[in-house]
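There are structures below to look over.
Below, subunit A partners subunit B and then partners subunit C, in two separate complexes.
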Partner chain A sequence: MFYLNLMVNGVVEGLIIGLAALALNLVFAVGRFPNAASGDFMTIGAYAGYSVQQLGSHSALVQGLAAVAASVAVSLASYALVFRHLVGRSMVAPLLASIGLGLFYRSIVSLLFGLDPLFFVMPPIHAYTVAGLRLQGTDLWLATLAAASVAIVLLLLHVTPIGREMRAVADNALLARASGIRSRRVMIALWSMVGAITGIAGLVVALRTTVNPELGWGLLLPAFAAAVLGGVGSPAGAILAGLLLGVMQELSTPWLGFSYKIALSFVVLTVVLLVRPQGLFGTAQVVR
Partner chain B sequence: MLAYLVAVAIVIGIYALLTISLDLQYGFTGLVNFGQVAFYALGAYASALTALATHSVALGFVAAIVVAAIAALPIGALALRLREDYLAIVTLGFSEVVRLVLLNEEKLTGGGLGLTGIPRPFANLGPGAAEIAYLALVVACNIVVVLIVRRVTRSPFGRLIRAIRDNEVTVASLGKSPPAAKVKTLVLGAAIAGLAGALYAHYITFVTPDQYLPVVTFYVWMASILGGVSTLRGAIAGAAVLVLILEGTRFVRDFFPSILAVQMASVRLALVGLALVLFVLYRPQGVFGRALPR
Partner chain C sequence: MNNSRRQFVRHGSFAALALAMAARVPAAFAQSGENLRIGALNDVTGAGSPYGGGMQKAILMAADEINATGGAGGRRIEVFAEDSQTAPDAGVLAAKKLIEVNKVHAILGTWSSGVAAAVMPLTDAAGIIHCTNAGASNITSSKGLMFRYSALSVRIGQALAREIAKRGHTRLATMAFNNPSGREITGGAKQGWEKLGRQLVGEVVYEPNRPSYRSEVQTILANNPDAIVLGGYLPDFTVILRETRQAGSNVKFYAPAWAVNQKLIDALGAPACEGVMTHDYVAALDSTAYKTFVDKFKKATGIDPTENYYACCAYDMMTVVGLAAQAAGGKPAIAPMMRAVANPPGTMMYDFVSGKKALAAGTKINYEGASGPIDFDDLGNVKPLFKLSEVRNGKVELVGNAFQDY
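Right, the complex of A and B next:
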């Protein structure tokens, strides 16, 4: 029963990692660089939700909208002001820029709100006990929210025209352009989607734990491990890998202890890169 | 005032070593090492532990260089198989894992409190002279390292690693072995970073895991880009400018005492982040140097 409870915890954690991995994966597949600032988009979303609450709104919907709006704004601004100008440069350039941007956002957030963790006040939600398994009401809500966002993103990618265009650009940017796909429109849609995903992920983390400037940055390594494990270019893979990693992390805590959670992501990342660099669901790339 | 300038110069010297190390790995060989701080930390802890156990600072320095170099071997094995962006994340992860180990293996490393009372060479010279003697040691280390790295980069091996940076496939097709050269550069670079760690640990006489956050790696990248990659002159100048910016922001508080120290630290980090972005965007070749390798 102890392990089952850990697993439930791991699933919620895994959904969060999966969302962060999805955001990384989208940029990786279309923009072709690891966006180290995506964790900090989450942080900004979390603080936006928190600020709205401080201003007196207790509606979860308003908080969520504020988080998404803030993250989308930051994501689009990062694209328009920085990443757009780095197309065609070596991969190190956008990677370095994203690290710099992340550091900048993180510092601005800690300048405005301080380094101390802040707490979201959530109305208590009834906890359920199903056959001895304890399910936190908040966790259920957050898991539903995360799962719903995943479903929406997958639908957008696979059903709508803009999603199809996005996948075309990810597959072969030149061919996509030759077929008349306007890349500007696709990139704006992409970065908006990344913003929305990170905003929701940030809010979910904030509600489960605390709001602090390192909230998103701390998730970068597990998210990257999940993105690679799932396979670059496979959104569903990112989510499944996130779930797998989340559950593994939780189940390993009795042996490894809480503090070595991140180390597990590192081991998974390294092993996957060495043994199966295309990930579980990705297609093999010639260059790795 | 003199004491302060000497202290700043010592820190510049230590950062110069780290920047030269990164320059050798990234600027000359094209290896995207985002885990520089790991080797710095390993050097600091190895030297501290050895010196505390044996009361010999010299042995500590040797241990720092050896431990950091050995730690680079598994990273070298990874670097051979990974594309540059993956290597960046793996090395960044490696540095965080090293910090976690330093934080959690309390029996060996003292955990979050770290190790204190690390012996400082020249301490018996008395205040003032001791610092100047330490600065001389840092400068001497820099001179030796620059001579070694210059010798390496101007040798046929130096041409080989630059060729690997520019086009690895061509190098391999000419019958040279890029993997062996990459591992050698990583190990040499790590040894230099380990030496920098030892110099730092024995200078401030205590080590804690908090000194080895990933931001140190970003500082070193900043210094490297400021100076322009793959020029040793630029590496040292970049380190100097970086430390002067970091130190200079301290004085801002003298004029605006209402700013809290915590806020100033945030402003400093924000400036470093912003500068990193602006340099990548507008001046990737740095203040002095040649363009970033494509």
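Right, the complex of A and C next:
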């Protein structure tokens, strides 16, 4: 029962990491670079939700909408002002630009809100205990929200025309263009999606812990580990890998302790890169 | 004609050089009149922000007082204020700037153990005084340049263990933020508990900034403790307390004062915080020095320093350094004079003005400060008064009397 409860903790944490990894994988698949500013989109979403609460609204829906709106705005702005101009260059250029953008957003947030952690007003709510398994009401809601976001994204990707276009660009950008797919539309859809996902992830993290400028940055490395494990370029893989890593981390704590469980993600990352670089679901890409 | 001009230039330049050197020579003596540059390195932002701003203001206030009397030992105090952000990397950057660019003679007012431990090697290498409130035992100086205006965290932990036993708890567990401060408070509690012949029922060390502390809380509650000594800070304690209450446990937390304040109560609501115990240093509330300091501080800043023991310490740090500089007669070697002006025996002094007068008259003084008696032991530590408080109905209230035997 102790271990089952640890697993439940791992699932909730894994969903958050999975969301961040999903954002990373989407950008990598369609935009062809690792977006190091993903974490900071999350942070901005969290601060937007916090501001809404400070302005008086305690409705989770309104906070969520604010978080999504803010992250989408920042994500689209990042694309329009920076990443769009780096298309065609090697991967290093947008990667470095995203690192710089992330630092910039973190500084803006620190300037506006200060460096101290801020707290959502969230009095404790008792957990339901079902046959020894402890289920936290708020966590269930947040997990459902995260899962729903994932489902919506996968649906959009596989059922809608724009999703099909995104997958086409991810497969072979040149061929997609030759087939008449307008990259501008695809990119706007991509970055909006990324913004929405990171906004939700950021708000979920902030509701469970604190709102601080390093919120997203701290999750970036586990997210990268999950993205690589899942297969860079595979959205479903990112979620599954996130869940797997989250559960493994929590289950390992009786042996590894709480300080070293974080290292587990990186051991996994290293092993995956050595043994099966395309991850669980990614496809190996031949680089000429 | 060229020859004479050349001769004139040569003689003239020799003369000018000689004059300049002559002008320099009194400057060598006047080096003792050089400004006493102080680095006020305080945690104005970050986990130490409840105290850092007040500490910085107190140092500036004390420096103004000293300068109003004409300086310490003929030296005017010049304060360079920096924010260490309760983060070791920011603290080190600021300390390097203070030492290398501003060339300060002392760094005062570091508060968090992380910052103080990171800055300690820098101040020792530069041979300058470091006055701190940080409690970690790895903050020591091989040159006798460290002066700690608090107790070692280990001793606080030991005192807590004894108090907890006195209050009838039998199952104690510890949770430590993974840094020297957190680990030493809980390490001291463990030592104190084991000295009473008992064993801890759980020990957890947790990392900062985790997306959740559910597993940590689940682990610590596994053996049903009735009290938990927590060495940590406000952000992590907020999450941990929330998770613990959500798990249905009413275990009694004993957490440091910097983790238990109005922000915690606002975030979690008064019912969840009911019964949380917190420990803090307390200034010598009845002393002359404290009362006059409070008046001066309120007038200068409009803030009541009663809840900020560390601001009282910062004021004393600057005053003691000033008195030591006065006792050193304006010469650069201030550190050897620190104990001479602060430790007994000597005529008790409560402020800089009277201390300066007494020193000028050749009297041995013993400065008793706003924060406490300030008597440094061999390692540079003092023994401040210590108090326990409890959160009741959304307010932090003192419990029992302040004590000093620990």
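Assume the second predicted complex is superposed on the first by the 279 of 288 C-alpha atoms of A that agree within 3 Å, B and C clash if a C-alpha of one lies under 4 Å from a C-alpha of the other, contacts with A are read in each partner's own complex, and residues count from 1 in each chain.
The rule is simple: contacts are C-beta pairs under 8 Å (C-beta built on N, C-alpha and C of every residue); 3 or more make two chains touch, one makes a residue touch a chain.
Since we're looking at a predicted model, the values are computed, not measured.
Using the contact criterion defined above for the overlaid structures, shared-chain residue A:F224 touches subunit B, although it does not reach subunit C. Of the two partner chains placed by superposition, only subunit C is touched by A:L6; subunit B is not.
Of the two partner chains placed by the overlay, subunit B and subunit C both lie in contact with A:G114.
Legend: residue contacts after superposition of the two complexes on their common chain; A:I262 is shown touching both subunit B and subunit C. Residue contacts after overlaying the shared chain place A:G102 against subunit B, while subunit C stays out of touching range.
Touching of subunit A by both subunit B and subunit C, each in its own complex, is seen for residues 114-115, 257, 259, 262.
By the touch rule above, subunit C contacts subunit A in their complex via residues 45-46, 49, 85, 178, 204-207, 209-212, 214-216, 218-219, 222, 234-235, 238-239, 241-243, 245-248, 263, 266-269, 271-272. Within the complex formed with subunit B, the residues of subunit A that make contact are 33-34, 82, 85-86, 89-97, 99-108, 110-111, 114-115, 221, 224, 228, 257, 259-260, 262-263, 265-266, 269-270, 273-274, 277, 287-288. The touching residues of subunit B, counted against subunit A in their complex, run 32, 34, 78, 81-86, 88-90, 92-94, 96-97, 100-101, 103-104, 215, 218, 221, 225, 262-263, 266-270, 272-277, 280-281, 284, 292-294. Residues of subunit A that touch subunit C in their complex: 2, 5-6, 9-10, 12-13, 16-17, 114-117, 119-127, 129, 134, 136, 205, 208-210, 212, 214, 218-219, 250, 253-254, 257-259, 262.
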